[in-house]
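What follows is a group of structures, each given as structure tokens.
First subunit A sits with subunit B, and in the next complex the same chain sits with subunit C.
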Partner chain A sequence: MKLELENVTRRFGPRSVVDHVSLEIASGQLVGILGPSGSGKTTLLRLIAGLESAYEGRVLFDGLDVSELPLRSRGVGLVFQQYALFRHMRVFENIAFGLRARSGKERLSGIEIRRRVSELIHLVQLEGLEDRFPRQLSGGQKQRVALARALAVEPRLLLLDEPFGALDAMVRRDLRRWLRSLHERTGRTTIFVTHDQEEALELADRVIVMNAGRVEQDADPDRIYDDPASSFVFEFIGEASRLPVQIRDGLVWFRDRLLTSPRVEAPDGPAVLHLRPEHVRWTEGEGSIDVSVIAGRRIGPHRRLGLEIPGGWGRLEMDTDAATPMRIGDQFRVEITGGRVYAPSKSRPLQ
Partner chain B sequence: MSVHAIMPPLPARRPRRPIPGFGLSLGYSIVYLSFVVLLPLIALAMSAARLDFDGWMRVLTDDRVIAALRLSFGSALAAAIVNSVFGPICAYALVRFRFPGRRMLDALVDVPFALPTAVAGIALASLYAPSGPMGKAILEVFGVQVGYTSLGVTLALIFVGLPFTVRTLQPVLRDLEGDMEQAAALLGADRSRVWRRVIVPSVAPALVTAFTLSFARGAGEYGSVIFIAGNFPRLSEIAPLLIIIRLEESNYAGASAIAMVMLLVSLCSLVVINLFQALMRERLGHE
Partner chain C sequence: MSEDRPSSACLQAHARRYAGAGDGPVLRLLLILITWLFLSIAVLLPLCVVFVEAFARGSDVFLSALVSRETLQALSLTLTVTALVVPANMIFGLSAAWALTKFEFPGKPVLLSLIDLPFAVSPVIAGYVLVLVFGSSGWLGPVLSELGVKVLFSTPGIVLATIFVTFPMVARPLIALMEDQGREEEETALSLGAGGLRTFLTVTLPNVRWALFYGGLLCAARSFGEFGAVSVVSGHIRGLTNTMPLHVEALYNDNRVAAAFAVASLLASFSLFTLILKFVLERKLPDDVREAERVR
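On to the complex of A and B.
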């Protein structure tokens, strides 16, 4: 199903939680809405589900305005953040709820319901737990019951609110992979909300980054990581450090040194260079910056070093081979091989 | 010589409870309950025991006693059923929605709690008596007399029992996040299905507690009932009033016998209700 949002706005009092958001999501996409808490991402999801109503703008399913459609006719499957399982029903009845709620011609026989629920239980790998109550399940199991319950009614659109938020790292990783493969098999339009950038980049075909009720960037994961549209996105996605620089004729200067990063579209004057650890490299060459090591921590196969530029000029981070011996206080030189400078309108001031 | 050889083995110590004050609080509870609940009940049983078998039979077969007991428990039951429907609806409105005057309404629920029962009784009687404004209107429109009948008794018991059901359901409904209702609606359930399959089963044990409280309060209610009841023997005379009449006749044994019967009926009801509740908790997976 194709989903369109036209200028959707939701206010709570004077505050716009979702501020003139327009989106078009094609049928079959797997979209991640990413943002910090308070960015309006959950409200946006609830607007799409119909649990909130927009003050302005329209929500269209396959070109039809669904604003006046009652919840039960929307054909939306929602997996709530806290799962919202029916506490007094066993797993089987939770999953069967939507099928039993059908009326008229769509009504299914008991045998048919049993068959469908068994299929779903198999799909979410919960065999043997049909007779448990929700409180007798672990977080990951509850999550899968909630998913099976939402899928049972074959929704046109599947929405997930922080689907893996409350789960431990291992379960998270498994469920993420599982959800990805489920999406590939069913091809159902799916939107999930998360505050975890790694999750969004890994799982989604398309990532919508939100901040303060607005869409900051809407692109595929590669674009989001390699070409963040604003300093907010740059810093929200992955590790980032900031360096105070001067712009002269589109060239970036740090004190009296010309940095090797390409020309930037920013007016002359002071600016902020945003860097990732991979943009900082150990060197002996020209145009380099003196640094001293102030911290080191292990990140997977690398060691991430915290570096200080003497004289209070700023701090950087860089990754080194974990085997390289490095001690706090060691001094060496680095060069800058990348990074972004944003125009003032897309940048936050340096504190 | 090692230390172990000279030290006698330590006596096995009782494991300490993580929360202190068990002995003290339990001791207080037992003493308190004994003085306030248990001793009076024993005194009642002793008083009733003065009656011989024939005396008991006389009390138990007296149709005035039977009618009074039936009225007290019957109208308490009816009132509890009514309150178990309207109390939760009232609680739902107060919990789920924000509207002007909500706090006022919330405070109004407490009035039957706070009002001296005699005041409530007089207020109800003056309103619903056949000559009162409401009583007159209902009599004219529906041809039903409220005051001085069992219907009036039930009405008074609904009045005193309502806050019990509302106040019991309110916290439970508050805990029941709106999420579950929204999930049910998104899965295609209409309002009535959401109520029948989601809300009511989720609050069922609390509903039974609310019913029990309203019933127990109603069965023993005196002050708010006697004015509107009219107290015609065998027709609108409640059991607690009959006990007082017996006492005024200096028939202490007879009064105790009626009281004893009330006590036994109440106890049996409570046991049955509790068993039912336990069964339901198990079936609905409540903790």
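On to the complex of A and C.
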């Protein structure tokens, strides 16, 4: 199902929690809405579901305005962070709930309901747990019951609010992969909300980064990481450090060093250079910057070093081979091989 | 909140865990002793006295006090009042809790504190308020008496007074429980195509049924025993508007001490029965009730 939002706005009192958001999501996409807490991402999801009504703007499902349509008629599947399983019902009855709620011609026989629920239990790999109560399940199992229950009514749209927020790291990683493959099999349009950038980049086809009720960037995960649209996105996605620089004739100067690699959008004057650890490299050459090591921590195969530029000029981070011996206080030189200076209109530092 | 009862095998580990909570064994023993002593003097002893005094003049006096016309009338009035008050408060409590926890609206905090009002106001004052409203010179009294409706010194007044005194008993545990449970289960049910009534009957009500029953039980216990508010509005008409507690007082004032205690023992038995029911409820349904207890 194709989803469109036109200028959707939601206010709580004078504050716009969702501020003129327009989106178009094609059928079958797996979209992640990413943002810090308070960015309006959950409210946006609730607006799409019909749990909240918009103050302004329209929500369209396959071109039809559903803004006035109540939750029960929208045909969306909901999965909450705490799963919201019906606590007094067994797994089977939880999944069957939506099928039993049907009326009139759509009503299914008991045998048919049994068959459908069995299929779903197989799909979410919960065979043998049909007679358990929610309190007898682990977090990951609850999550899958919640998904099966939502899928039972064949929703036009699947909405997941922080679907992995309450799980521990291992289960979270497994479930992410499993959800990804489930999406590939069912092809249902799916939108999930998360504050975890790694989760959004790994799981989604398309990531919508939100900040203060607005869409900051809407792109595929590669673009989001390699080409952040604003300083906010730059800092929210991945590690980032900042250096005070001067722009002269469109060139970036750090003190008396000319930096040729960064992309510049800012006019002449003082500015901020945003860098990722991979934009800093050990060197002996010209135009380099003196640094001393002030911290080191292990990140996967690398060692991430915290570097200080003597004289209080700023701090950087860079990755080195974990085998390279390095001690706090070691001094050497680095060069800048990337980074970005944003135009003032796109400079909204992360709070 | 009730802790898991330790089996004898893990009692030691249990004791070690709790001894580590910062209190030495002497202090612990002292505190337990004080609690027992206090409960014995304030609760157990008076309760025993009731039963001892009830049979002080032999079982004949005891039985005749129980089957006297006035006692039977008081019993039937008390049962009638309870039978009206408990369902009324269950419905009221449920709708109040539903409104306060599932919706947002202006004035919510005010409503929340109003529900607690009967716990703060003396029942006697509640009774006099009813007299002011429904009395012959009150706001509604003249109008109602023209219509032939008698509120004061009759059953309706007693029911109203009892409702006032007991209404937080169902509403409060329900509000706490429903607040804790949130709205997501209802939202999910609606998203799955269930209507409002179906959602209420299959999701909301089963989730709170034991808390509702629990509240009803507390409400019944209080309805049986309420004295202050009822005393003001009943008019103490013997054999007509005396409830059980009022009847006990009347008998006592007549110096019929044994009879007074006989009736009192019936009241006390009912309280004990409530206590046992509460205990059984907690044992039998550990999860739900513990949850209700935890958030109370």
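Following the convention adopted for this analysis, the second predicted complex is superposed on the first by the 345 of 351 C-alpha atoms of A that agree within 3 Å, B and C clash if a C-alpha of one lies under 4 Å from a C-alpha of the other, contacts with A are read in each partner's own complex, and residues count from 1 in each chain.
Keep in mind that, in the parts below, contacts are C-beta pairs under 8 Å (C-beta built on N, C-alpha and C of every residue); 3 or more make two chains touch, one makes a residue touch a chain.
Keep in mind the model is a prediction, meaning the values are calculated, not measured.
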Fit-or-clash call for subunit B and subunit C when the two complexes are aligned on subunit A: clash
First, second, both or neither for A:76, with subunit B first and subunit C second: both
First, second, both or neither for A:49, with subunit B first and subunit C second: both
Which of subunit B and subunit C A:149 touches, first, second, both or neither: both
Touching partner for A:90 - first (subunit B), second (subunit C), both, neither: first
Which superposed partner A:98 touches (first subunit B, second subunit C, both, neither): both
Touched partner set for A:135, first subunit B, second subunit C, both or neither: both
Residues of subunit A that lie at the interface with subunit B and also at the interface with subunit C: 49, 51, 70-72, 74, 76-78, 80, 82, 84-88, 97-98, 101-102, 135, 149-150, 152-153
Subunit A-touching residues of subunit C, taken from the complex the two chains share: 182, 184-185, 187-195, 198, 202-203, 206-207, 287
Subunit A to subunit C touching residues, read off their complex: 49, 51, 70-72, 74, 76-78, 80, 82, 84-88, 97-98, 101-102, 135, 149-150, 152-153, 155
Complex interface listing, subunit B residues touching subunit A: 177, 179-180, 182-190, 193, 197-198, 201-202, 204, 284-287
Complex contact set, residues of subunit A against subunit B: 49-51, 70-72, 74, 76-78, 80, 82, 84-90, 97-98, 101-102, 133-135, 149-150, 152-153
